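Some structures to go through are shown next.
One chain, subunit A, links the two complexes that follow: it is found with subunit B in the first and with subunit C in the second.
Here is the complex of A and B:
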């Protein structure tokens, strides 16, 4: 006789058993000694068991699905490399977007892996602890798959080879690096608010969805595949982000002002950092999917609007300066690309001026701003190029003490005037690009007064020497290959040779 | 716009039956196609029913398989053995 089939547990029972069921209260050590970091920020938690992962993902299911994702991804990557997928992209200018991604974003994935591992040990509640452990593994997977994918491009294109080294030293990469360093040096609840909520939930769509859809549109099969594979973990990370906010707000009313301050801070920091993505979308994709402004409308104004309306029942309001960030969505990509054009000699990717067709697209997408403020500047630079007087800015720029971006942004409501703010702390004057960045400093001056600002470091003699060549050497940037305009670069020469060879075959 | 929930899935063979099921089970849902992915928006609430997907693929579909094709989401989520629900206010 066959024994009766055992009845399977349902998802909720499995989740309870595989998370709660694995935890215990300590007996011979105090809980506060075992979990020393989750109280000093002032967040009050009365009942950790109220936390539940709405996906109810347990470790065994996690391994199963992640294993399947990896098998699929590596089959595509192998095939991309075997079939010389780099020949199929829309244009070699596209590769510069991937250079920015590998040097700017991939090292952050690794930092996220490390810090979620820390939270996966140090959060008292077992629900978020298990979620943080999974996310730690996800982030390591992201860093590894991005490096594997892009290693193929590194065989053919400049600018990739020294990515971790560059991330730690190059001026514009200090923008994402300092963002993450700020989060990792905060307490666990601020880190959750910064990375899981403000970044993963509110802003990550603006990074990954347009980037990966852009890769799909520009024939970059490898990046699409790692991107969507990573993004499939992102829904879980977003869920962690929204759950952590709701959990903090539900646990104690005293948590609201603390959380609000963090939401304000990290929204603003994230908005400034994503200006790099704005520029990538509007200027660096040869075939464009949507403008930064359109992406902002879908993912912040619409999706963020629904989110903050929902969270208003806890008293949480829309992040401070959200209106200014929305106004800046009309300007930020143009201003950032102009900064990189002027400093192309010190950038680890190539720059160019938009073509007539691209400028027509920008006029259409930015009817209020492009023709009035930005087209004339690009046309003037184009004329200068034609006369053999390509404009390089040879002065080192003043940087914002908080976001570390050169002070090239304009005043809210007055795009003809550069914005400057400053404040004094312990007898020294500190400078900022905006009220948002100044507020952040004034809330934590001890922290931000210590910022490692690339320009200050160059002037102090800490970056390899006094002239551009010395600094580039210290950056491990190959002068004449990694930097300067796309036009005339080794990347372009190689791409043109490939295209010529293809024409020969076609004839 | 307030009250919209959304789910973004890859536009591939594995996700297609899921996309079809969502559009059939949520008559107010609206699909926006972009290269490589589909963003489905719906006012207030959106449900992914395991039964609908299973019917289309001819085998039992576990809602956790959504992890293989999901790209992004907006709203609060709740998942059990039969369905996955996105809504606000939960």
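Here is the complex of A and C:
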């Protein structure tokens, strides 16, 4: 006789059993000892069961979906490699945007994996704990698939090979690195606010849309495919971000001022870090999608405006200095590209001056600022290049104690003047690029006084030596190949040779 | 405001990375030529506090700012100096320390009449 078949559970039952059903109250250990991290920040949670699970996904379903996406992605990557996809990109200058992504962003995916794993253990409520566990796996998958996707370019172009090493050491990569270190060394609720809300919800479109559309416009099918494969995960991450904020604000009125302070802080930190993306959009893509200023208007001013209007019912207001950030959208890409142009000797990607056509595009997109402040700068450098006196800044820049970017940002309302800010803490001076960065320091001086500022570390003798050559060696930067101008680089020579060979075949 | 930390005594145990003692007898000094923003930011140097202020004009500025087209036209008699935001008339023969330049001080100089390439502050 056949045994009666067990009744199959429906999705809802499975979901309940495999998420919340896995939780229990401890009996012989205190809950506070088992979960030591989730109270010290002062966030008050009265009822964890009020958490709305945004994912509605169980681990077995997760494996299945991700496995399918993975198979599709790797099929495309294989065909990209077999068909010499690197020949189909718009121009070899484009590859430098991908170098910036691999050295600056991919290691953050890995850090996010690690920290979400930590939260997946240490959050008392089972709902957010399961969500964090899945996001942890997503982030690991993103790091891995990015590395695999971009490894194809590493076969043909410089600047990729030492990416994890560079991320830990190179001066400008301390900007994304210290941003994430700041989040990971915060408590769990601040991390959620920083990464899940401020970054993944409010600002994520300003990172992923430019890179993925940039890839599509410039013939980089591999990166586009990776982007599609990550997209459904990102939607889940955004949902987690908004859910965390609402949950904290609904749980206790005392949470509002704490959350507001974090939103202010992480909006400002995100804005400064995304300046690297701004520069990539306006200067590094041979075929441009839209200007940074346009992207800022669509994704922050409009979309962010609607979001904060929605959140105002909880008492949350638009992040402090959002108006300043919006004004800076007229300047930040030009100022950042100028930084990299003059420090090209220490950059892990190539730089160049915009062509006439590109400058015309910048004039059109930035009618208030480009011709007045930035065109003359590039024209001066162009004249110097023509005379064989290419402009290099041979001294090291003053860095902001908080964001660690060279202090090259101008005073709000006065683009001819650097905005200097400073404060004293325990008898020592600290310098900042902006009021936003100064406020962040003053809220937690003990934390930011420990900043590992690359320039000061070089002076202290901790970066391989005092000469540029010593420091580049310590960075694992191949002098003459990874750095300097695109013009005359091995990347360019090879690209030109490929183009010449193709012409020959065509004739 | 102070940091909210999980570990008791965190704030007292913090090690500040950029104390003067860590710079082998030097102090960090930042130098900035106003209205010449083709130099993207102030530039940083580890300098002995006993270095004469005049060495800035004789050595550092020509080496690091000399390539700017405005540089040759600078009249050093007319230059306006600021040390940590305060207007100052430095004594060129005296040391940085005697002129009030400390660890992580910012020295700004303005060159009246010279405001960057084609007057663009670049």
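Odds and ends about this structure:
One rule holds for everything that comes next: the second predicted complex is superposed on the first by the 492 of 507 C-alpha atoms of A that agree within 3 Å, B and C clash if a C-alpha of one lies under 4 Å from a C-alpha of the other, contacts with A are read in each partner's own complex, and residues count from 1 in each chain.
One rule holds in what follows: contacts are C-beta pairs under 8 Å (C-beta built on N, C-alpha and C of every residue); 3 or more make two chains touch, one makes a residue touch a chain.
Here the structure is a predicted model, which is why all the values come from computation and not from measurement.
Residue contacts after overlaying the shared chain place A:417 against subunit C, while subunit B stays out of touching range. Of the two partner chains placed by superposition, A:474 touches none, neither subunit B nor subunit C.
Within the superposed three-chain model, A:498 lies out of touch with both subunit B and subunit C [touch as defined at top]. In the superposition on chain A, contact of A:303 is made with subunit B only, not with subunit C. In the superposition on chain A, A:74 makes contact with neither subunit B nor subunit C. Of the two partner chains placed around the shared chain by superposition, neither subunit B nor subunit C is touched by A:314. In the superposition on chain A, A:35 makes contact with neither subunit B nor subunit C. In the superposition on chain A, no subunit A position is in contact with subunit B in one complex as well as with subunit C in the other. Touching subunit A in their complex are the following residues of subunit C: 1-6, 10-11, 14-19, 22-24, 26, 28, 30-32, 34-35, 37-46, 63-64, 67, 69, 84-85, 102-106, 115-118, 120-122. By the touch criterion given at the top, residues 10-12, 54-57, 61, 65, 68-69, 204-205, 208-209, 212-217, 224, 228, 231-236, 238-239, 242, 246, 289-290, 302-303, 305-307, 309-310, 313 of subunit A touch subunit B in their complex. Against subunit C, in their complex, subunit A makes its touches with residues 36-37, 40-42, 187, 335, 338-339, 342, 372-373, 376-377, 379-381, 384, 389, 391, 393-399, 406-408, 410, 415-418, 420, 422, 426, 428-431, 442-447, 449-453, 455-457, 459-461.
Touching subunit A in their complex are the following residues of subunit B: 1-6, 8, 10, 34-37, 39, 64-65, 67-81, 88-89.
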